[in-house]
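Quick one: the structure is below, and I'll ask about it shortly.
Chain lettering (A, B, C, D, E and F) follows the sequence in which the chains are written, and residue indices restart at 1 in each chain.
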Amino acid sequence: DFMSALEEVKPLFGVAEEELESRLRGGIIHYSPNIDSILDQGRTYVNQVRTHAATPLVSVLLHGPSGSGKTALAAKMALDSEFPYIKLVSPDDMIGYSEMQKVQQLDKVFRDAYKSPMSIIVIDSIELLFDWVPVGPRFSNSVLVALKALLSKQPPKDRRLLIFATTTERSVLSQLDLLRRFNASIPVPNVQTQQELAHILRHTGSFSDRDQGRAIAEIESQTGSKEIGLGIKDILMGIGTAKQHEDVADQFAWFISDAIASSKVI
Amino acid sequence: DFMSALEEVKPLFGVAEEELESRLRGGIIHYSPNIDSILDQGRTYVNQVRTHAATPLVSVLLHGPSGSGKTALAAKMALDSEFPYIKLVSPDDMIGYSEMQKVQQLDKVFRDAYKSPMSIIVIDSIELLFDWVPVGPRFSNSVLVALKALLSKQPPKDRRLLIFATTTERSVLSQLDLLRRFNASIPVPNVQTQQELAHILRHTGSFSDRDQGRAIAEIESQTGSKEIGLGIKDILMGIGTAKQHEDVADQFAWFISDAIASSKVI
Amino acid sequence: DFMSALEEVKPLFGVAEEELESRLRGGIIHYSPNIDSILDQGRTYVNQVRTHAATPLVSVLLHGPSGSGKTALAAKMALDSEFPYIKLVSPDDMIGYSEMQKVQQLDKVFRDAYKSPMSIIVIDSIELLFDWVPVGPRFSNSVLVALKALLSKQPPKDRRLLIFATTTERSVLSQLDLLRRFNASIPVPNVQTQQELAHILRHTGSFSDRDQGRAIAEIESQTGSKEIGLGIKDILMGIGTAKQHEDVADQFAWFISDAIASSKVI
Amino acid sequence: DFMSALEEVKPLFGVAEEELESRLRGGIIHYSPNIDSILDQGRTYVNQVRTHAATPLVSVLLHGPSGSGKTALAAKMALDSEFPYIKLVSPDDMIGYSEMQKVQQLDKVFRDAYKSPMSIIVIDSIELLFDWVPVGPRFSNSVLVALKALLSKQPPKDRRLLIFATTTERSVLSQLDLLRRFNASIPVPNVQTQQELAHILRHTGSFSDRDQGRAIAEIESQTGSKEIGLGIKDILMGIGTAKQHEDVADQFAWFISDAIASSKVI
Amino acid sequence: DFMSALEEVKPLFGVAEEELESRLRGGIIHYSPNIDSILDQGRTYVNQVRTHAATPLVSVLLHGPSGSGKTALAAKMALDSEFPYIKLVSPDDMIGYSEMQKVQQLDKVFRDAYKSPMSIIVIDSIELLFDWVPVGPRFSNSVLVALKALLSKQPPKDRRLLIFATTTERSVLSQLDLLRRFNASIPVPNVQTQQELAHILRHTGSFSDRDQGRAIAEIESQTGSKEIGLGIKDILMGIGTAKQHEDVADQFAWFISDAIASSKVI
Amino acid sequence: DFMSALEEVKPLFGVAEEELESRLRGGIIHYSPNIDSILDQGRTYVNQVRTHAATPLVSVLLHGPSGSGKTALAAKMALDSEFPYIKLVSPDDMIGYSEMQKVQQLDKVFRDAYKSPMSIIVIDSIELLFDWVPVGPRFSNSVLVALKALLSKQPPKDRRLLIFATTTERSVLSQLDLLRRFNASIPVPNVQTQQELAHILRHTGSFSDRDQGRAIAEIESQTGSKEIGLGIKDILMGIGTAKQHEDVADQFAWFISDAIASSKVI
């Protein structure tokens, strides 16, 4: 029955844990109330799958700009669920796979999931999985079709599955008719305000209060705007580069302004 | 002769029954008189194949928006026919198949059908079967060509075949010259009115009368319209998500309004 | 010599006869003088091949809208010829064939034909044979090129060959430079007038005189036109569906009007 | 040396002779002085290769509308040359060949030619050889590239090669950069005047003088023009069809007018 | 631990050293202060990887016009780092590799790098690696997707990796969504001013002071501009060609003016 | 060392000599001072490779209209160099090669060249080598990418390589980003003036002085221009054809005028 089945698959858990934790090395900094709200939504879907037998398959898309923290947040949600089977599917584990091998690997992950009474599959950078390139555009049709079928496939009796996927390309997914196969979606925005940026700098402890103020003022003067609009990933990289220089604040402002400018160019 | 041949294949029946029933797990809620009319049309074609020897091949397309209930209704029609051979052809049973393997599998299903005096084949999400993707557009030409040939192929003497296919992409089928190979088609619409939605909420028993009224009023206020325009599948999912929250009505209204908005974006 | 060669291949005849007759199950209803004229043209080309040694290869294209009776008429012409070798080439006998296998099969049919002093090859739905799909457009170039070469290839000495091909896509054949390789073409039109439709209903004997009149009047009122414009194949299907209902005339009118409307949409 | 080499390959001659003669079954009717001029040009190039050591490779393209007599005239020129090696390369001998097999076959024909002191290669319907289809357009790039290289390849020392190619698609050859690789080209026009047509009818002897006059008058009345503009191939076919009917003149006029009309439609 | 791991891989170093030095045969001429600034930025990223554990993966793109010195400067930065593992990935080492073989080779290089505590991978002419051709455009999607995954893949625990890539096609990388996967980028400009050119001529010692002046004046007169706008690679080639002639200055001016003109044509 | 290495490879020389000489069968007619200037430039690059160790790799493109003499001139330059390794790479030696086989053959030729202290590789009709067809356009990306890499690859230590390539498609090479990989380019023009044409006719000795004057006058009258604008290859062919006729001058004028007209049509 359900409970003994649950016992059975427990050992599978450990494997994915390590992989998922590696995506969380930068931790989760609660730089805005929105972060809590995102994690809250994750918990709702986890509970729905746990308790509501009528919806044995729930799929959720985390979407947002490059480096905004999608992968880290999906990893956090999955790890917090304490489901007996959790698996990360990531393009960088499939380098050099043929289209057919990718499809088989995906199929295997889902088949394994169906063995556990409750499972979570995290599909990271889903657009890379089907080799999306905006020029052409090109993409692997067979991987895409497999993803569509897997997202629609009902789990066997007494099995429940929750899917978290991440993407920077929500509109692409819509064009490809993939978006409507998700039951829900959660936006993950950039760091937007100076206050949010200040929170992050304070949290990492690499800047004196004075340097922090100077850096933020300098960014505003270089970009001509109070808005930041950059992913937390770039901000953490900027802190790393800045620390190599004497004038940390100045270097940080230069790096961040450059990154903001680049992200606006096509 | 016909009758002894009919006996012979009976054992095949059981297999597909389970698969078809799994598509009916949400049941058929008679939320509108249209549902009865659709099932009625299904019965007409079943009877034509059963009784009118001059049309041994009849093919019917169920088409409508995403999640409107096409698969469940086709499954119901097939199960109610009590034909000796019933088979479901579904893209999620062909994940990782090459184009050639799909064609061979289709061919086999039809060959098996010709062994029974009367058969029904349900082809689910026919556009996915030939790997349709609107970007490009791309599709498997060999599967498409095979489907065209199979839809035109007369069954052998004393054999009769009824085909139900489902699709969200009627206009695509028309462009691809596939639509005209169906003898008839049945539209399956979304849940449209507040009355229909109320019927469903009442039927599932998850809402108090007050909550039901509040939820519908809230959806009208959020979408700015009395029209619902959402598939029954999303509505049943929304009920599941809403039940995780204290304020069921509010949560349901939020989920449904969001789904309506999403379905209008491209 | 010619006569002994003729004897030799006779046994080949029986095989194709059955296949061709299966395309004629609905018989040939002489609902208009045009039907006689079409069959007459067929006889002319049969005689030319039989008697005029200077044109040992003659190819004729039957073209017209979907379901207008092209295949049945080509089958009739071939069967009436009493040539020692008659062969039907049909896309539904080549499901799952690769392009190369199709070409080889075509080549074999022609080689076999060259063994008989006089042969007829019926190529059904020629556009499907080379996998034509209007989206793209896509088609099998190698099958197309093989067809072009086969349509130009002179039979060996003392061998004569007549080719009947059918298609709904005359303009496609023209674009693909295939049309001009046929020596002649015969249009096969839809059922056009109420008189023709009445002839068919009377012939099938499924309608009382009153029902027949009511049905035709009802179609005129629903389509707003005295013109029918539908293939005999759909009309025969409509009769089959109508017979499942009490009000045969009403049901028939509804089915036919719907089919006419569908055939005008793209 | 040259003379003994010439002896050596003589036996190869017989093979191609038969094939070339089969393209000449309808004979050469000298219906216009232009026919003599065309054959004259052929003789010039044959002589140039025979006598002018400085141009050991000469290639000539015969181009003109469908059925104008290109293949028959090229066959005639080749047969009249009495060169020790003559070879016909025709698409209908390569049905079902892969691109690579076509290239290898071409290469072999040229290698064989280099073994003879003087050779002629006739490449018939060169555009079909590289699978040209105007839709797309599509064609076999590898066959095209091989043809380009072969048309530029100098024969070995003391070897001379004359190439005759035929095509209906001169402008296609130009676009594909193939045309400029020919050293010369000869246009082969349609039958244009009533006088030319009368010459042909008289020559075939199938028409009484009165019928001939009536047929031509009728064509003028049906097409509304004194210009014929049809290939000799269609005219010979029309004579064959007309002979099946009592009123030969009327039937011929109908066939020819229809053919003229068809050839103007796209 | 980190230190013993560092020892282990040292022997790998020698191999790449030779290859990298061959890209530096023309040396680094400090013809402008910008050269020093570029090398300085390289050192910053080397230090960040060496000291800042929180950013174990840093990727830097050197971009600029053809022949501006990108490869030489990346080689210099890598050699100066003294990291235990340094590897050059260059398209000219992968001539004749299939797409799959390129991906496997890339994957291997990264796997080898992960064995060393600190590594540098130089990816030269990254656009050639994925077979970029502006006509079409065409490119190897599988190599591109592999590069994206490798640029995002976190090194294993206690491993750090610095990537230098070079390209002339920054905007292409942006279109292909590859650019944003680099953490930083360094522009490498052409030789721009007459002063810079003079510095180079003086440094190579091939020109007398008078010749140098005359050459520069002549270039200005031929191009009609004081701006040079040519890569150092072309300038060094021009010196080589000029030395074959008596009037070195004149010949040099002619070569350089021609090269400038060519580089402006499309 | 350099000198003993030089001895070692000498035997390779003979092979290519024959092939190169076959491209020179029509000799080099010095019909204009430009011919000398072209050969002079060739000598400069030969000397640069011989003497200037700093530029061990020099690549030169000869470009011009069809038949202008590019291949003959490149062959001449290579043969005159007396380098120990000289190799001609020509599309007509690679008929029927797959893309991969072409790349491997190219790679082999370069590897062999690196074995000799000083080498010349002549790449004839480089656009044909990568299967360029202007319709599409189509081309072999893998051969193109290999050529790019080979043109950029530095020879090993103490090895020097000079590359001469010919093309009619300079602008194509530019679009494909191949042109800028050549260090220098030499234009090879058509025969342009009547004086140049007269020089050629006189040199071949096939025309009396009177015939020569008449021929040139006739060409001017037929083309309506004093400009010739035709490659020397066509002119030599025209002389060959004209010699078959009594009126050599008239025939020559007709051939040349026709060729000029054809070369202006697309």
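Heads up, the rule we're going with is that a contact is a pair of C-beta atoms (placed from the backbone, for glycine too) under 8 Å apart; a residue touches a chain by one contact, two chains touch by 3 or more.
Keep in mind the model is a prediction, meaning the values are calculated, not measured.
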| item | value |
| --- | --- |
| Starting at chain C, fewest touch steps before arriving at chain E | 3 |
| Rotation angle (°) superposing Cα atoms of chain D on chain F, nearest 5 | 60 |
| Interface residue overlap between copies chain A and chain B, same or different (over half shared) | different |
| Most widely separated chain from chain C, with each centre as the mean of CA atoms | E |
| Distance from the mean Cα position of chain F to that of chain C, given in whole angstrom | 58 |
| Distance from chain D to chain C - Cα centre to Cα centre, in angstrom | 33 |
| Rounded Å distance between chain B and chain F, as computed from the means of their C-alpha atoms | 67 |
| Multi-partner residues of chain B (each touching 2 or more other chains) | none |
| Order of the ring members, counted from chain C so that chain D is second | C, D, F, E, A, B |
| Interface residues, chain C side, partner chain D - complex | 44-45, 47-48, 51-52, 54-55, 58, 100, 103-104, 106-107, 137, 139, 141-142, 144-146, 148-150, 152-154, 157, 174-177, 179-180, 183-185 |
| Of chain A, residues touching chain E in the complex | 22-23, 25-26, 66, 91-92, 94-96, 98, 125, 128, 131, 133-135, 138, 234, 236-237, 239-241, 243-245, 255, 258, 262-263, 265-266 |
